[in-house]
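Here is the structure we will look at.
Think of it as A, B, C, D and E in the order they're written, each chain with its own count starting at 1.
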Amino acid sequence: MDLATILGVVLGFVVIIGTILHEGDLAIFFNIPALAIVFGGMTCATMIHFSMGQFLGIFSVIKKTLLHKTIPPQELIQMMVSYAAINRRDGALALEQEMGKIKNPFLVKGIQMLIDGQDEEAIHELMDLEIQYLEERHAMGKKILDFMGASCPSFAMVGTLIGLISMLSSMESPDEIGAGMAVALVCTFYGALLANLVFLPLGGKLGQYSKVEKISMEMVVAGVCAIAKGESPTGVREKMQVFISAKRREQLKAKV
Amino acid sequence: MDLATILGVVLGFVVIIGTILHEGDLAIFFNIPALAIVFGGMTCATMIHFSMGQFLGIFSVIKKTLLHKTIPPQELIQMMVSYAAINRRDGALALEQEMGKIKNPFLVKGIQMLIDGQDEEAIHELMDLEIQYLEERHAMGKKILDFMGASCPSFAMVGTLIGLISMLSSMESPDEIGAGMAVALVCTFYGALLANLVFLPLGGKLGQYSKVEKISMEMVVAGVCAIAKGESPTGVREKMQVFISAKRREQLKAKV
Amino acid sequence: MDLATILGVVLGFVVIIGTILHEGDLAIFFNIPALAIVFGGMTCATMIHFSMGQFLGIFSVIKKTLLHKTIPPQELIQMMVSYAAINRRDGALALEQEMGKIKNPFLVKGIQMLIDGQDEEAIHELMDLEIQYLEERHAMGKKILDFMGASCPSFAMVGTLIGLISMLSSMESPDEIGAGMAVALVCTFYGALLANLVFLPLGGKLGQYSKVEKISMEMVVAGVCAIAKGESPTGVREKMQVFISAKRREQLKAKV
Amino acid sequence: MDLATILGVVLGFVVIIGTILHEGDLAIFFNIPALAIVFGGMTCATMIHFSMGQFLGIFSVIKKTLLHKTIPPQELIQMMVSYAAINRRDGALALEQEMGKIKNPFLVKGIQMLIDGQDEEAIHELMDLEIQYLEERHAMGKKILDFMGASCPSFAMVGTLIGLISMLSSMESPDEIGAGMAVALVCTFYGALLANLVFLPLGGKLGQYSKVEKISMEMVVAGVCAIAKGESPTGVREKMQVFISAKRREQLKAKV
Amino acid sequence: MDLATILGVVLGFVVIIGTILHEGDLAIFFNIPALAIVFGGMTCATMIHFSMGQFLGIFSVIKKTLLHKTIPPQELIQMMVSYAAINRRDGALALEQEMGKIKNPFLVKGIQMLIDGQDEEAIHELMDLEIQYLEERHAMGKKILDFMGASCPSFAMVGTLIGLISMLSSMESPDEIGAGMAVALVCTFYGALLANLVFLPLGGKLGQYSKVEKISMEMVVAGVCAIAKGESPTGVREKMQVFISAKRREQLKAKV
């Protein structure tokens, strides 16, 4: 669970709603037709731009990004080192009883290949392909989110124009302009909010997450391959430490 | 037939028209002169930017993109495997009777070359050239659609300015501003709608389609060349499976 | 003569003027001071950005682009094949009497070098340099036209601001805003029109034209060099056919 | 302490406040809710886009950029030359008493490794990694500052829209538009000011600073490695002079 | 002295002032506080973004760009050929009496190195470094001018917002909007004018100038190095002609 994302979205809406309450009436900011044209227009444009499957897949990508738990690298190394010990002592088949405790599906797949007795090269090739697929899915997800972020303000403008034209054409005196204009501008408000508080930053987060996830998966591959070659627990630890130093950069980045 | 595109365009216009009906009067949003200047101006700018043939060709590209049916990869492999069997059993000439059942023109061309007894190298060269031409046509089509999408809002602005200037110069009191402004803004509405719901997403879809079509064509080339070398049905299947895994990525992309 | 460009500009202005006539009075759209500031400002900015010679050269580039006639590739091959026959039968000097019939100056230069008895390598080097110069001129021309297209709306804004500020500062009541605003907005109208109907699409066309012209010139070089090596008419045709297939792509692009 | 940055920010706010005082009343430009939505919205979007750690780290990066003192290159060479002399005369352990006088933590780390007797290769590898981490932190810092600079005007627009909609919907006559509009526009003002006077130029400065700091650190590495190899003071000076000439470019850049 | 730049700036302001005089009163367009916020804000942002030295250096770069006289290539070759003759006849020391007549400081430096008897390699290395520094200074100068051009409209907007907010908050009736709005918009006018007529085109010209100056300096290096090797006047001319053909491209570019 990514705290910054949840906190950012929640606090963001608290700030927005707080400002609205301070300025006036929350009710005029809830406008179903305005939401329908901004969200509906954006959704339709996304469906035209991408394929049906790519469009439906974006929700899954967002959910996984927010909920998926990356195993901390030190913990991951500890797990692999203990699997290496079991493998050395009791053979690969003994890893079967560890399978139930693993939650990460990528790690499960790796251990399963060890149990099936596949050689290092086959494991490496298949798992690398898996990483490549994930990266492509993430890149496509980021592309869709960025398109959504660019599309929202456009359909907000379309909605505002519809409101404005309708209001202006039926207006009898400039004195009436106020209320009609307010309703029309709610579309623009939705567009700016969805783009800048939801879609564009979420696209950025997906890019950040993709980098971290990739390093974690590469550590699993390095560990599983080392076990497949029958290396000692120490050897497995060393092979995976290489990525830790690369990982630590991220941590340093975050701290300084 | 690409469902997402059709659905996106239809639903998009349903949302827009629904919003208009909810806001007021549909009639003021049908404005032939406004449509003439946005569509006419964009068309003229496109004709100046590109050549006559490139401009006329864009409609054909759009139509093909929407209507052309890509053969599902598994089905394509099945077809090629059966052709390989016929070729092995009865010789290339026996493929003639299969020709009538094939609808994909690129596949027809490949089989025809097999029947004509051309060697693998000649087939490969000619069909690769064909793929390259198609990619260039698609890239040019995307470039034209993107230019159209950028041109629409510009000519919408020109139209709105004409309406605004005419209205302002003949206006006797600010109280009259409403109706005239409404008419002038209809141009801006058309420009925003055509760009964001039609041309820009269609350009994006053409790019997606181009990738899928290319993989399908490369599978045909791989299959036809394998048959030309007299490979067994199993060999043909293997040669084409390579692309399936590449193709499956797309499917995974869509599903996750 | 490029039909699409002429047609695009003429039809574009027909659409614009037709819309103006439909909306109101054509007279208010003819405004010499507005034209002076948009065109004058853009011209001055272009003179500051580029050198005097580059700026003056842009008109020549535009004129050549519109009027220069590229020889159709099939006709060009036919000509070179007949020159090859004359060269073989009567020697290079006999080409002198063909010179009067050739209109393309690049082809004239090539034939002259054949008559002067220069060897293939010298011809290749000099004519390639000529092509390179032409490409650089075209690229610089496109850069200037793109700058002009970006500069027009900026000076249109400057002009509109001058009109607006003058009008607002001397205005006694908001009721007078109409007419003054109309005049001020004519600048914005000129800027949007010049950029989107003239300079930006013309820059795009220059890029397209540059590609076609380059292929045509490379065919001339290939033909002249083949004649200089004393190749047979058939050999010359073959050498030039290579480009035809590249050229045909353009035609395919236009047709599909 | 970077004078230009401090001076730029202070003078910038002097100019802004001076203009406000000249135009009217400073009080209406202090608006806590407006500041809350611009700053709060931007902060939340940044938290969603980046990770918690990366977001918190940006303040540290800014502070270090403004306060960190780069040792002038001539002074740095002089220091390293004297350390080389001490190292040659009394051995690496004698450097211990110099440690207290050094303030730059990167230089301290280098000297410590000399005292610990580590060989040149180990020192080079570790210190280069340190430089690489710093560059990555700076690049990430610049990316975050640029995102903040782009985010400010967006949330300023959201804030202005909230003010505008609230005001318009409760307005009874267009005559009341003045005061409400003024309050709504204060958000836009904050957004433009924060982006253009604070975040965007600060991002640029971080990029400039990163280059200068990197050269300084590379000089330290060159010097420490030369000492580790037991080179003479003259040799150390020569090794470091190479960077001086590269550094002098920066100075020339500044002077001409 | 670059005629096009001077002419462009002078004519540009003539066009602007002429339009203002035609529209109304020049006095309202002279507004010291408006100029102060646009120019002051931009200056402060530039100081924050770049270092103090880089910022102060920009004026020197602009002055040199406008006033520095590039020696025409034909004249430059003639000069070097005569120096080669003197060097051959009377030795390098005899060049001393020519020194007084040379105005170009880069050429002076080259001849001085000849008189000092430095060998070709040393001259080449030092002068190439000099060219590289110049290019870096020009590139940094262009970057600063482009930043200034982007910064002007931003601070113009800040100034306009201050004017607008002050005016709106103290306004008692919408009828007063005219005059206050006019003053506020003068800032926007300054920003658009400074960016589009001064900073952005000047940045472009600096880029053009940098290319021409570099070719001229490379010719000097080629000539001086040829003399240092004791080549004959004919040899020196040949070495420098290579650049003439490259230079002629520029001229062709300008003429066609």
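Assorted remarks:
One rule holds for everything that comes next: a residue touches a chain if its C-beta (ideal position, glycine included) is under 8 Å from a C-beta of that chain, and two chains touch if they have at least 3 such contacts.
Since the structure is predicted, the reported quantities are computational estimates derived from the model, not experimental observations.
Common neighbours of chain D and chain E under the contact rule above are absent.
Between chain A and chain C, the least number of touching-chain steps is 2.
To fit its Cα atoms onto chain C, chain B must turn through 70 degrees, a value rounded to the nearest 5.
Two copies of one sequence, chain C and chain E, touch each other mainly through non-matching residues, since under half of the numbers at the interface are common to both.
Chain centres here are Cα means. That of chain B falls 48 Å from that of chain D.
With centres taken as mean Cα positions, chain D sits 29 Å from chain A. Contacts with at least two other chains are made by residues 174, 177 of chain D. Contact topology of the protein chains: cyclic, one closed ring where each chain has exactly two touching partners. Following the touch contacts around the ring from chain D toward chain E yields the chain order D, E, C, B, A. Taken together, the chain B residues at the contact with chain A in this complex read 2-5, 7-9, 11-12, 15-16, 18-20, 22-25, 28-29, 174-175, 177-179, 181-183, 185-186, 188-189, 192-193, 195-197, 200-202, 204-205, 208, 245, 249, 251-256.
By the touch criterion stated above, chain C contacts chain E in their complex at residues 33, 36-37, 40-41, 43-57, 60-61, 64, 129, 133, 136-137, 140, 147, 151, 154-155, 157-159, 161-174, 177.
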